[in-house]
Structure formats: structure tokens, C-alpha cells
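As written, the chain order gives the labels A, B, C and D, with residue 1 at the start of each chain.
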Amino acid sequence: MYTQILHEIQQSMAPFANDGAVSNSIPELALIDPSKFGIHLVTTQGIDYGIGDSNERFSIQSISKVLALSHAFTFVGENIWNRVGVEPSGNPFNSLVQLEYEKGKPRNPFINAGALVVADILLSHLNNPKKDFLDFVRTLAHCNTINFNEKVALSEKTVGYRNAALANLLKSFGNINNDVTDVLDFYFYQCSIEMTCKELAHSFCFFANKGKTLTQNKQILTESQVKRLNALMQTCGFYDEAGEFSYKVGLPGKSGIGGGIVAIHPQKYCVATWAPRLNEKGNSVLGMKSLELLTTKTGMSIF
Amino acid sequence: MYTQILHEIQQSMAPFANDGAVSNSIPELALIDPSKFGIHLVTTQGIDYGIGDSNERFSIQSISKVLALSHAFTFVGENIWNRVGVEPSGNPFNSLVQLEYEKGKPRNPFINAGALVVADILLSHLNNPKKDFLDFVRTLAHCNTINFNEKVALSEKTVGYRNAALANLLKSFGNINNDVTDVLDFYFYQCSIEMTCKELAHSFCFFANKGKTLTQNKQILTESQVKRLNALMQTCGFYDEAGEFSYKVGLPGKSGIGGGIVAIHPQKYCVATWAPRLNEKGNSVLGMKSLELLTTKTGMSIF
Amino acid sequence: MYTQILHEIQQSMAPFANDGAVSNSIPELALIDPSKFGIHLVTTQGIDYGIGDSNERFSIQSISKVLALSHAFTFVGENIWNRVGVEPSGNPFNSLVQLEYEKGKPRNPFINAGALVVADILLSHLNNPKKDFLDFVRTLAHCNTINFNEKVALSEKTVGYRNAALANLLKSFGNINNDVTDVLDFYFYQCSIEMTCKELAHSFCFFANKGKTLTQNKQILTESQVKRLNALMQTCGFYDEAGEFSYKVGLPGKSGIGGGIVAIHPQKYCVATWAPRLNEKGNSVLGMKSLELLTTKTGMSIF
Amino acid sequence: MYTQILHEIQQSMAPFANDGAVSNSIPELALIDPSKFGIHLVTTQGIDYGIGDSNERFSIQSISKVLALSHAFTFVGENIWNRVGVEPSGNPFNSLVQLEYEKGKPRNPFINAGALVVADILLSHLNNPKKDFLDFVRTLAHCNTINFNEKVALSEKTVGYRNAALANLLKSFGNINNDVTDVLDFYFYQCSIEMTCKELAHSFCFFANKGKTLTQNKQILTESQVKRLNALMQTCGFYDEAGEFSYKVGLPGKSGIGGGIVAIHPQKYCVATWAPRLNEKGNSVLGMKSLELLTTKTGMSIF
């Protein structure tokens, strides 16, 4: 079934192929070929369906926030909510307004402010933060060649003033324990991880699989925990377009400005798309359309 | 199964019985006995499970916004999104701030501003707005004795300055077509509808039942439409606590300041709770706890 | 001296004669001839200097807020500051945002929200509010033909949704004691008063004259009180352009969307200008330029 | 006259001696003796009147913003307003909200964001920024022993996360040209300058003296320029309490969290007060009361 559907989706994308624009917020990312397009879907039975550029690596960027949160969750569990909320923000991902009004507690872990707090937590709990986090991701993906793209990380550092503003504002409210520079450094590396659609889909499949990795059956989070994080992706995974994605696609997911999107159908499948052109809210145009078509064509959503 | 679970839930509520406070925002509603508590769950197979005060009518208040939206949807369909958004607001239900910043387009139809726009749409499409809307609700509930509580409607009118401010602000932006006074009058009546937990659960069951009413199998909305409205309830149904409800309960739903909550497990059941004491966000304390327990104990959520 | 200067000013206006646009916020006001231009300056010695259309009446609109405040001040004195502040708002004159954040206490009496509170105070203290207020203004101007323009008042009522929103929001916070409709009605009448530049300059001359009217030497407010209200005009008289006016003109003053501006040089003179084309902040383009030239050419400002 | 008045003021302060609290925002400043109190007034004729601790140096902090602006003004003149506004902010001095909404253009040069832009301008125009700026201040005060307090500067650096957030946010909008770290370093040094009340009053006396220094008659700014900066101090010199100061004191001025305030009566005098206890808006309690008494007792204000 999925083979056919992915094929149809790919064909339906033609009219929208030039909509949106590659993000220019990070110089190194602006160099990506805007015509790239790939989808990979893996079922909880472990069957793989890929199409297009689904085996080419790209910068996962904000999608990494879910992996970082999952990793932090294994250390501090529900205590994390003392430092970051679970509510949609209703504001752009990098806004400082709400953070100031709400005295330094970010609305959720998927806006930048929240992700910086999560990064701070990881720094406090990991011996070799970058290496340990990378190992965590490699375990999820069952693939040892996944890596940071140092060029992208450094490129982001040269323009990351908005994130530096957020980190300093958090620090001024006492919601960053480590050095601001260290937190930003870790955060930029975390975002620079490169994966293929297939690797992404496999990495996130534990969210569809009651907390267990697909290939090794390793319990990453409890069944109850993945339900909660799925719910969080549903309400907060797409910046100020979370409602739109939820309304049209009806699945929990997370996007990144590298053009990637991951979505999860609990107990059924995990799917990752990649198409670098973004709409004005910072989400992949073709990715969102593809996933809307996917749930329409399969007739399956969580609702 | 559900009989036992509802029983256990009821027993688990004792420690929280005095948490929160009855809403004092509408004089007439402040008179409610705060100790009331009822749950009714109806499966898509039509099996009923009730406990406590589940057959006593109460003011459904904002829960009516979902019914009004559904009714408006039958007239204007997706065009409704030209006048109101689908994004969570991140602000209290009656805030004017966002409405001013966003030039009169309410974030979603479940905050007051959005519900006033929906009321305006119904006024433009119904011959006898109050009667016709009541008929719609009676059809959903399959019950002809459901009615407005005029005393509550008038009571709200005497204190409804915040809603009058919202309606006038909407009108100043051209997003109300009818007379402001008429829109407010209809809105206050709509909110004053009284139903039991059982009637509420039955009325909302078409959201769990692919758009069809339970008893008469009448198609109210298409399967695709109910999916979308379920998704909307998931992200926007609980004011600025939508994330919290989604995180803890994992089901789409809608609350009202009368103390009611409705939640939907698509293809499985619809459940309504009533307990008048509200937390500071305006949602029923026992209602939220009950539903969290329900999804924990059944092990079933949409995620 | 002033004769020559006013003449030069009038001649310097030519290049800017078509800048800005007549306000279209009130239908009746949109009909004004945009080319009107007048200045009248009266010294505290009672010497008059007029030029252009300075003897033609126009709608004083928000300039009336200073007169209303002065009148209210004679009843409640400094107690007024329990209900309205003395700080510049930094927001457009009709914004609801700040009012909501600051729980119904308007920043100052010259934004609309503040003026509505002042109107409410007058309603509570005057037997025949409209008549009594008009008498107060006539006394200040020493002219019995000054009157409301009922057509303008009614015209504003038909479009005054934003003000209705403000009044209702104030009422929801308990900062309006009278009926919202009555407050709005009085406010629209107050704003509809028509005066010539000469009448305006004379009416406001007590602010330059230690609190005494020019012609009858009647003490309206104490010397200390007029100093304070002058200070308030300095910081808050020009909506979110108060700083600009203060920076360029260096005198306390107040503008109205009818195109009028009054400015005061304490102990020296009072000047009123009229030119209906407004800049985007709602202040008269030629009025602001004229007054900037006036203080430049006379070499006199309060600083 | 002034001798007697200053004496009376000092005596009137007793009941308020313990009101407010020393700022704890900079560790080194929190060590100040809270009972310090001094006033120095110098007339444009060069006659000095001092009382209390008026010859003891203290940290001038934000008062330095006026001196930095004056210095920058000598280089770029009115062009400065392309990068910073002249409007009161209506927000706390260190707020990021408005800066984000208004896309990186600070409301005025006296809130921290604006002062950071001014610091950036000075960095771009001075060969030895710290030394050159210090020389400028020494010239104004006609005193060569005035200096930075490096301990205070470094102390502020250890806690200056909010300012770092502002500087990074400005940089993200392209409104900082130099390195963020350099701008912050210069800014912290600038704020750490220590002066006595007498030195402060003398330094600022050119604002009362048509732009010329008192002792050397050196033209720092033109007469027109000092009028404009006086007007700016009037509307923006006291954070979100500018209206209050203007209303009660009626003079342009500037405060600092070290407890100092400078006020100017154009063509008459310049006065500086020092009393470390601050009200909740960050302005010296006794300083504000003293200056209110001063204008009341002298019967002289600009209005």
C-alpha cells in the first residue's frame, strides 16, 4: 500500500515544487539544493518504504530537539517541567517576548528557548556531552556513521545572535546553570546532526513502538512517556503552525529549518520527509503537503 | 471494564474534592453545589457507563463552542478559516491582546473571540438562530428537552463586559457582520445550554463515530471533517492549558467554566465529566484528573 | 515679532501642503477640506496673532481631553490618579493591549482609555453633563456660541467600535462606574466640540497664565496644578509621537484627529494650529512643522 | 535662597530615610551605605550650593547614558535617530519585548538597548574608546581625577546577562556594528564612572547653559541641540517613571541605579542628588522627593 501512496505523493508535488524558499538564516544551510525531496516511512513491523532523496543526509536542525528532550528525559524525567512548560507558544520559535513576560520559563521544549534549557540539562548530566549525545542518536538510528556537521555548527555560531540573546535572557532568570557559551556551543552542534530520511524515521520509530527501538528492541522511554512526548509534538512540534499541521495532517511530528519533518503514527509507522523550501513559518512546504496527502490517502490518522 | 474503571476513578477523587473553586465570573453559575461530580462514557457501540451526578444537567458554557463550530461548519465549511485561525492562542480565553496584534482574526474558534465570530456566522445563516441551533443540539443528543437556561444567559449579559469588548473589537476590524448586541445575545444563550454528562457524551459521540450520530446514524460532518475538528480540540480545547491536557490525557476535548469536560477517543468512545471546581486556568480540577486516570487505567490514548 | 514669524511659517508650509491624509476614522470628519490651514497665537498679555483659516471652527476631537481632564480635576484633584496614570503609553491612542496587561488602569488621561475614565468621572459629578461641560469650555474660551457638532458625535457613534471595546474592557475591570453607553455618548459629544484656532488658543491660555483665564482672570486651576498638567501634556500629549513633538517643538501640547494642535509656552503664550492632513501617527503634519518652526524662529522653548 | 532651601529639603527627608532599597542588581553596588544623601546645585552663574554627602563619589551608572549620547551626538548628530528613537518606552529599562516587536530599534537612547547602540557608535568613532570617553567626561566636569571603577565594571560583567541578551538581540537585527563583547565591555565601564554630586552638576551644566561648559565656556553642543536633549530627558529620563518625574518635578533629568539623579533647569541651574535607596522603578526615593521639593519651594519649573 505505502509504496503506491508514496509514489502518488511524489507525483502530486510537481505544482508546488517552487513554492517557498530555502532558509537563509544559517549561511552554510543556504547552499542546499532546493529541489531535493525524499520520504521514508518505516512501519512498526520494520518494513521500509523510501522514495526520492530519502537516503541523502541533511541537517536535521530543530528535529534534534525531540531527541535531546528524550535524552534529557532519561535523566530527569518529569522534573524537566519545573524548568520548561508543555504549552504551545503561539509565537515564532525564536521569540523573546513570551520568555520575558513569563520570567524565563520557556513555553515548551521545542521552541529555541526551551531547547536551550534542555541543552543545559544535558550538559549537566553528560560526561562528554557531544560524544554522549551523538552515541544516543546513533543507538536510536542503529547507525554509527551519523555525525555532526561541524561546518554547519560553526556557521550557525557566526550568526546565532538571536539564540545568544535567548540563552543570556534565560541565564538572567537563573534558568541556565552552565556557561552560556558552552550551552550555545552544544546546542549548535546538536542541531547540526545530519541524517537521511531513513535514518530519521528509524530513530524516531520508538515513539511509534511503545518506547522501544525497532531493530534492537531497546526500551528508550516507557510507553507512558512516549505517549506524553507524542502529545507534546502534536501541540508544539511546528512552532506557530502547530495547529495547522495538526489540523491538516493529524499526527504528532517535528520540523526543522533544514527542510526535514518527522511524523509519527503510534503503533503504525514513523515517516520522515525532506524538502528544503520552507513556508514563511519555517516549515517545509512539500513536507507538510506530503504528510497531509499521506494521512488523506491512507485514511488513517490518530483522530 | 469501564464500569470498574469509572468506579476506581470516583474513589480516587476524594483527596482532591476541595481543590479549586467554582467560577464566580457569572453570578448565576456561582450558585452551583461545588461537590457535584459525574462521569458518563458512551462507546461507539452505544454502550453507556455512568457514575455519580451524570444525569444532572449543568451549564455547558464553552463546550457549546464545539457544537456551534460544527453547526457553522455545515454551512460554510473550510471558508470559516478566512475569519478565524486554527492555532493555539497561548493566552487566556478572553484576552484582547492577541486579537489586537493580529488585526481582528481570532487564533481559533474555541477562545471567546473566535466563538463570537462563529456566533456571527450562525446568525447570518440561521432563520431563527436560537431555535435552529437548539434543534441542532437536540438532534445530536437525540433529546428534545435540552434547553437554554435563560436566567444564566441574562446573568452573563449583566457582567459580560469582557465579551462585549471582544465583540466590539472584532467589529472594529470588520470581523463581525451582524449587530454586536445580537451576536452577544446569541452567544450568551448558546453558552447557557444545559445538558447532563450523558447527553453531552451522546451529543459529541459523532466525533468518535466518523461523523455520524450514535442513535440515528445521521451524518453530521464528513469523516475527514471530524478528524480535523478533533485535531483542533486537541490543540486548542483547553485555553492556555491545552498542552497540559494533551500531555496528561492524550485525547481531544473541550472544557467549560460550568465544570464540564468532554473528551473523545476516536473510534472508541466519548466521555463527559462534570465537577464545578475549577483550577486557575478555568478547567475542572476533578474532570482533568478523572480523564488522566481514565487514559492511564485503560492504557488507551490516541498516542 | 510674532506677526512676521507666523507669516514666514505659513510660507514655509508650501512644500508639505499635500503630505499626510485627512483622517477617515469618522465618516463626517472625512469630508473636511484638506487644504485648510490656520494658526492663532495669543500672548499672556492678551495680544492676538492669527493667520490663515484661524477663525474657522473645526472639530477639536482629542484636544477636548485636556479640557475634560481640567474639569474633572476641579472635582477630584489628585485622586484622579487612582484611576488613571501619568506615564506615556508608547502605544497607539486606541490600543487595548496595555490596558489589559495593566488590569484596566489606563496609562494616562490622553489616550482614549484614559479619556473614557475621565468622561466617567465627569458623568458622576455633573448634573447635566453635556451642558455643564460645554459651559466650562465656553467660560474658558469666553465665548457662548461654542457648541457640539451633533452630526459628528453621531457619526463617531456609528463607527466607534474600538472605543466601545475600550469602555467595555474598562468596565470589566471596574474602572467605569456609569453605564458604558452613557460614557461613550458623553465622550463622543465632548470630542465633537468645534472651535476656531483663536478660541482654542484662548481656552488653553490659562495653562500659560498660572491657571487664570486671560479675559476674566478667573482661576481655573492652581498654579501648581497647571504646571503638572503642562508636564503631562509634554510627556503624553501626542500619542506615541509625544517624544518626537517634545524633541522637535519643546513645548507641552495636545493634538486631535480633526487636525488641530494646541501648544503652550508657560508664562509666554498659547498657540493653536489647524491643518487636517495627518501623519501616520494621527498628528497634523503642517501643525507639527509650524510649531517646530515657531520655537526655532522665536528661539524660545521651555528647555 | 538655595542654601536655605537645600537645608529645608535635607530636613524634610527624615520620614522617608528608610524607604526603598539599595539596588542588588550589581553585587559591588549592593555594598553602598544606604544612608548616604547629598545634593549639589550649581547656577548658570557658577554659584555652588552643596549639602550632605555631595562631595563623595558614587557610581553614576545610567546617568552616563546622557554623557555618552552627548559625545556620540558630536560625531553623528541627528543621524543617530536612524538607529534609535526619541519616544518614551513605557517599559522597564531592560525590557526586550519592545525591542523585538520594533525590530531592533530601541525606543530611546536612555533605555539599556538604546544606550548599547550609543556605545556601539562611540566604539566606531573613538580611537581609544574608554580613554577618549573618560577625557570627554573630565572636560565636562573640569576635573582630571574622575575615573572608571573597574571593580564595579567587572562586577556588572559577571551578572550582566540581561544586557548581553539585549546586545545580542540588537546584533541579530543588525543594529550593533562592533563585537558584542566589546560593546558590553565599553558599556559596563561607561556606567562605572564615579563622580560626586558637585562634579555631576558641573558636568551637566552645559545643558542649562546653552551648550557651553560652565568653567571654560567650551561649546559642547549647540543651543538647539541641548534643547532637544533636554526635551528627551524630560520624556525618557526615568524609565517607566518618566511621566511621574515630569509631573512632580517638572524638569528634565536622568537617574541611575547607583542612586544618583541629575536635573536641569535651563538657563537657571543644574542639580545633582545622591541617595542609594531606590523605589521599585529603580529611581532614588530621596532624590525624587528632594527635587519635587526643590521645584515646589523655588516655585520655578519649566512649566
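Definition applied: a contact is a pair of C-beta atoms (placed from the backbone, for glycine too) under 8 Å apart; a residue touches a chain by one contact, two chains touch by 3 or more.
The structure presented is a predicted model; accordingly, all values stated were derived computationally and were not measured.
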| item | value |
| --- | --- |
| Each chain counted as touching chain A and chain D at once | none |
| Fitted rotation between chain B and its twin chain C in degrees, CA, nearest 5 | 180 |
| Separation of mean Cα positions, chain C and chain B [Å, integer] | 47 |
| Euclidean distance of C-alpha centroids - chain B vs chain D, Å | 55 |
| Chain centre separation in whole Å, for chain D relative to chain C (CA means) | 32 |
| Residue numbers of chain B (touch at least two other chains) | none |
| Pairs of chains, among all present, that meet the touch criterion | A-B, A-D, B-C, C-D |
| For the chain B and chain A complex, residues of the former touching the latter | 85-91, 98, 107-108, 224, 226-228, 230-232, 234-236, 240-244, 246-248, 250, 252, 266, 296, 301-303 |
| Of all residues in chain B, those that touch chain C in their complex | 95-97, 100-101, 161-162, 164-166, 168-169, 171-172, 180 |
